[in-house]
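What follows is a short report on a single structure.
Which chain is which? They are A, B, C and D, in the order written, and residues in each are numbered from 1.
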Amino acid sequence: MIVVMNNGANRQDIDQVLDRLQSLGFKIHLSEGVERTIIGAIGDKTILNEVALEAMPGVEKVVPILQPYKLVSREFKEHSVVKVGDLEFGGKALHVMAGPCAVESREQLLETAESVAKSGATVLRGGAFKPRTSPYAFQGMEEEGLKLLAEAREKTGLKIVTEVVDPRNVELVARYSDILQIGARNMQNFFLLKEVANIDKPVVLKRGQSATVEEWLMAAEYLMAGGNYNVILCERGIRTFETFLRNTLDLSAVPVAKNLSHLPVIVDPSHATGKWQYVKPMAMAAIAAGADGLLIEVHPNPAQALCDGPQSLNPENFDSLMNDIRKMAAIMDRSV
Amino acid sequence: MIVVMNNGANRQDIDQVLDRLQSLGFKIHLSEGVERTIIGAIGDKTILNEVALEAMPGVEKVVPILQPYKLVSREFKEHSVVKVGDLEFGGKALHVMAGPCAVESREQLLETAESVAKSGATVLRGGAFKPRTSPYAFQGMEEEGLKLLAEAREKTGLKIVTEVVDPRNVELVARYSDILQIGARNMQNFFLLKEVANIDKPVVLKRGQSATVEEWLMAAEYLMAGGNYNVILCERGIRTFETFLRNTLDLSAVPVAKNLSHLPVIVDPSHATGKWQYVKPMAMAAIAAGADGLLIEVHPNPAQALCDGPQSLNPENFDSLMNDIRKMAAIMDRSV
Amino acid sequence: MIVVMNNGANRQDIDQVLDRLQSLGFKIHLSEGVERTIIGAIGDKTILNEVALEAMPGVEKVVPILQPYKLVSREFKEHSVVKVGDLEFGGKALHVMAGPCAVESREQLLETAESVAKSGATVLRGGAFKPRTSPYAFQGMEEEGLKLLAEAREKTGLKIVTEVVDPRNVELVARYSDILQIGARNMQNFFLLKEVANIDKPVVLKRGQSATVEEWLMAAEYLMAGGNYNVILCERGIRTFETFLRNTLDLSAVPVAKNLSHLPVIVDPSHATGKWQYVKPMAMAAIAAGADGLLIEVHPNPAQALCDGPQSLNPENFDSLMNDIRKMAAIMDRSV
Amino acid sequence: MIVVMNNGANRQDIDQVLDRLQSLGFKIHLSEGVERTIIGAIGDKTILNEVALEAMPGVEKVVPILQPYKLVSREFKEHSVVKVGDLEFGGKALHVMAGPCAVESREQLLETAESVAKSGATVLRGGAFKPRTSPYAFQGMEEEGLKLLAEAREKTGLKIVTEVVDPRNVELVARYSDILQIGARNMQNFFLLKEVANIDKPVVLKRGQSATVEEWLMAAEYLMAGGNYNVILCERGIRTFETFLRNTLDLSAVPVAKNLSHLPVIVDPSHATGKWQYVKPMAMAAIAAGADGLLIEVHPNPAQALCDGPQSLNPENFDSLMNDIRKMAAIMDRSV
């Protein structure tokens, strides 16, 4: 950490900062220049948040040098492979999670599951508890939906991923699902993160729509600090001034997150674009950018979907996408 | 709602959309132009989310005409005054809520409470459960903190506002606090909103840092649809490309929210700016823009604060701010 | 265009709007609902900007239905191929433009030109007039730089693209260059656009860093309305809250722009990321998203570059990128 | 400047950076920690742009410590008052510039001028060359418009401010106008800035809609480095995800710019909001935040305006605003 004193800082201001840092166990380097005095401080980066140095007289700004996360960092571990049964995220194989936004009925779910399995998906997605912008919108089938997901797993061999939205339901969801999903709106719902950290199931952690990559990794740090090391990051679009599509898919976040952390990264082009016509080019681009997998919305009849129909592929389009993904995998030295 | 068909849409595409809308109870106006066919649909705006029209063949886009909220709208009610005991938010009086980011100790809290009461604050703020970006940061005193808040209320007559972050703690927090605060990160934590909607206490609903005004009002609609009509909106800065200050305080959201809804609106310049030097000008500007009150962080010794020290006013600066707010109130035809 | 009257609008307000629209030659459809009166207006979309309907009493909002551009639209033309000598942008072949940020010296430029030509680039880029954020930074070699670019063309057969930044220099730059580039900062420098519209040379039009896709296409409309139909769009990153990389490359803008317009679209991953390590994954992703080509910064010695060194590939890395692009082209049914 | 080496940097990497910095005249402080080696470099901050350190092997990042501007900085000068004839910007008096978006006719301009002068404005605004998003929109009366502005000055005693958009017209505009305006889209049109820097007239420099405060100040540095020290900064809204109003007025930029620089700052709430109903609260808030003046659009008949009618006040509303501004000035210890 570098503390930059402002050019009106006096001896007493500087000494107070030095005392504060030393009392917290930091090692100090002082550099007194003509225009500014600069203090370098080396110590436990995880306690920086506790130190309100910018509130001290004479301090102009504090510049962190090290990233604020530890367990997520590639300095902690070079590379992680997250296992879901026999599937490996972050290994050579790409994995595609596919299915409807929401579980709506037994027929809808089983039909989708069989179809995406045939096309090459390895994980079935489907929401049982739906966080909806409007209180008047369909809110999900709840436990009944979880049971249908489990039945679809039985029938198809697909693994199951579903969102957990409430700390009170974490154990319930974990009883049925192979992977827990933390949605974009809950990326900084720290009390939910702490609960999920206690569960022995892999987690797909979606990036919040206004979260920096660093904040996303800090949310992963919450999970790991709480004991759950099986985190799969998922980029799903950020909010910008451009509103033609729902969000702006930030594909550079894929190589950035893989460079800063050791965790696997997948991409959800369905939520990012909000329009099914753009799902294929963005899915292809995601793999080209280095993603380890995809999360794709598929519905047997998108125009009748209770949730996110406009962004759902129908089974034919999903099958066509999988064919193209296989070609892409080949040149990226990956398999599907 | 206006449905714009694309210029390749054929008769069958149009008929399918008309059928769908009519089956949902919408009244239809069809306008077939040279370049586009346009369908106007009038009906229950709250079910629009259920209708995946954009997934239907031939549909170019759907343009909502009415706002998606009902109870929050000024068409539902002209003006609301939210009562907290004998305090009225949205009436002639401005109210200032002040206190530390986090309750840290009995001394810190009581000293702050007495000081802000003397300066003219009417509500004491203080966090007992703290949502922190880092898992290694101070997470709050929990119920012990709530008890100290209640003690401070006894001693000073100030009302109490504190954040509720977990649906499991809503009743606990409501036992102690006069006002429940929903933080910016939880504005779309719908399962928390539903729980708070069941409680008979006023709510301060902070705008999410990437929430549009419309989404903010939809979050208020969750509270009202669940039965809690005592909602106070709080603007606290949005995330933009400008990073010199922590967030960009969107003061135009104050007249916009007051124009679209009947709810009182307050402003938190402390979190928005993140630096105490900018709290006073932004607090003054907030009142000038029409805000009904302020939420201000005050700490007896900001440099020793366990949370958000750099943005906290010390008691002297808070007292000076209150003097200026009184002058501002006079020209705005408000009282303090 | 749809005009939504507010719910307090009276008969006179509505009649005034109808009169105004009819006097401007619009055909009118009136729909009087219970909650709102809505007026549909069909006519010349290019004069909408002239009509200040939202300033009229009783008007709540105006919703445009058609895009505001004409010549750029796919309703005007299905697909354009822009020819630069024997090169075709928007055809089957992908084209890579490569070279240094700025022309710095004869040696630097010729060495780079020979190297990128050997690796498979077809166009040499290099700035002679540099728009720099700091007035103290290197501002370019001006006409001397243009001459060196022309010499490099002689030696290598590469076409030349260089930026034009001042309406006074458009003819000068056009004398030397095969393609004129409009930089991101000048995308809405309308007086420069009008001058470039008069020149019979293809134009690379970069998207402004805070321009919507619609505004980008309107800038292209300026060029086409002025007579220059040879426009190549270039996505180069937008400004968002995420600052780890210089900008956020918006790859979904590629299929969006190709869907809304008939123009070829290329991508500049060098400026978007600002760090050479991220150029390759983003270049690959750009082609996977459907781009017709790339604009890549290459410097023989990035650490000595006078401009944008950190984002420049060295010749070896560029050669490796070209090898990967060839593999990508094959699966995308393109050639290099 | 602080250079942070990555944790794989070796001796040779470090030595190369040290050599590079020393050859450029920087004084060096080396700090070799366990996790990172950090190099502090003190020297001429204006040449930092020339040094591509991040392209050197082993360099993780470069953190600037000092602001990149010099002449704009409060370390160069404590406080500037910009004189326009007998008006002083940045002194005790607030100044309001008012008038139509575009000069449309003699009658329109003179009527507006007389009315705003009577209400208390001291400067008349009006565009003669209009940068318009659509090539089909009204582009201004050009020199004829400038002559009308000069005539209005004769008749009313108001000073004149008008926008200059093309380096070829700077002298022409300067012949008629008392103040030159650089519009938001041209804030980084460096070739225009250099031309305006040569003119002996005060300049209103609008902040670009996606410019940071630092970039805005760097644009002012261009003007000052070129010899024009009479710069008035103007905040006019930034582009964010919130689209209910045209832009997000960033009022915290007022105290920030006044804290980082010595220049006067005014605010344009008309362009920021795009809707006249929001001009008054935002104008009041701007003065409360510390602005030295306002730029307000006024039109005798907004619904007939050729440009920006929806955001224009009519004369009555402007007069009412000026009354409120006078009350605000009194409590802010300013005069009107």
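In this text, contacts are C-beta pairs under 8 Å (C-beta built on N, C-alpha and C of every residue); 3 or more make two chains touch, one makes a residue touch a chain.
Owing to the predicted nature of the structure, the values given are computational and were not obtained by experimental measurement.
Comparing mean CA positions across the assembly, the chain most remote from chain D is A. Residues touching across the chain B-chain D interface largely coincide between the two copies, over half of the numbers being common to both. Taking each chain's centre as the average of its CA atoms, chain A and chain D sit 39 Å apart. Once the centre of each chain is set as its mean CA position, chain B and chain D turn out to be 31 Å apart. Each chain gets a centre from the mean of its Cα atoms; for chain A and chain B, those two points are 26 Å apart.
Residues of chain A in contact with two or more other chains: 210, 239-241, 243.
Residues 20, 46-47, 49-50, 52-57, 68, 129, 131-138, 165-168, 185-186, 188-191, 208-210, 215, 218, 221-222, 225-226, 239, 275-276, 302-306, 308-310, 312 of chain C touch chain D in their complex. The part of chain A that touches chain D in the complex is made up of residues 2, 4, 7, 29, 31, 33-36, 38, 40, 42, 63, 65-66, 75, 239-241, 243. Note for the complex: chain C touches chain A at residues 210, 212-214, 238, 240-245, 248-256, 259, 272-273, 277-278, 281-282, 284-290, 324, 327-328, 330-331.
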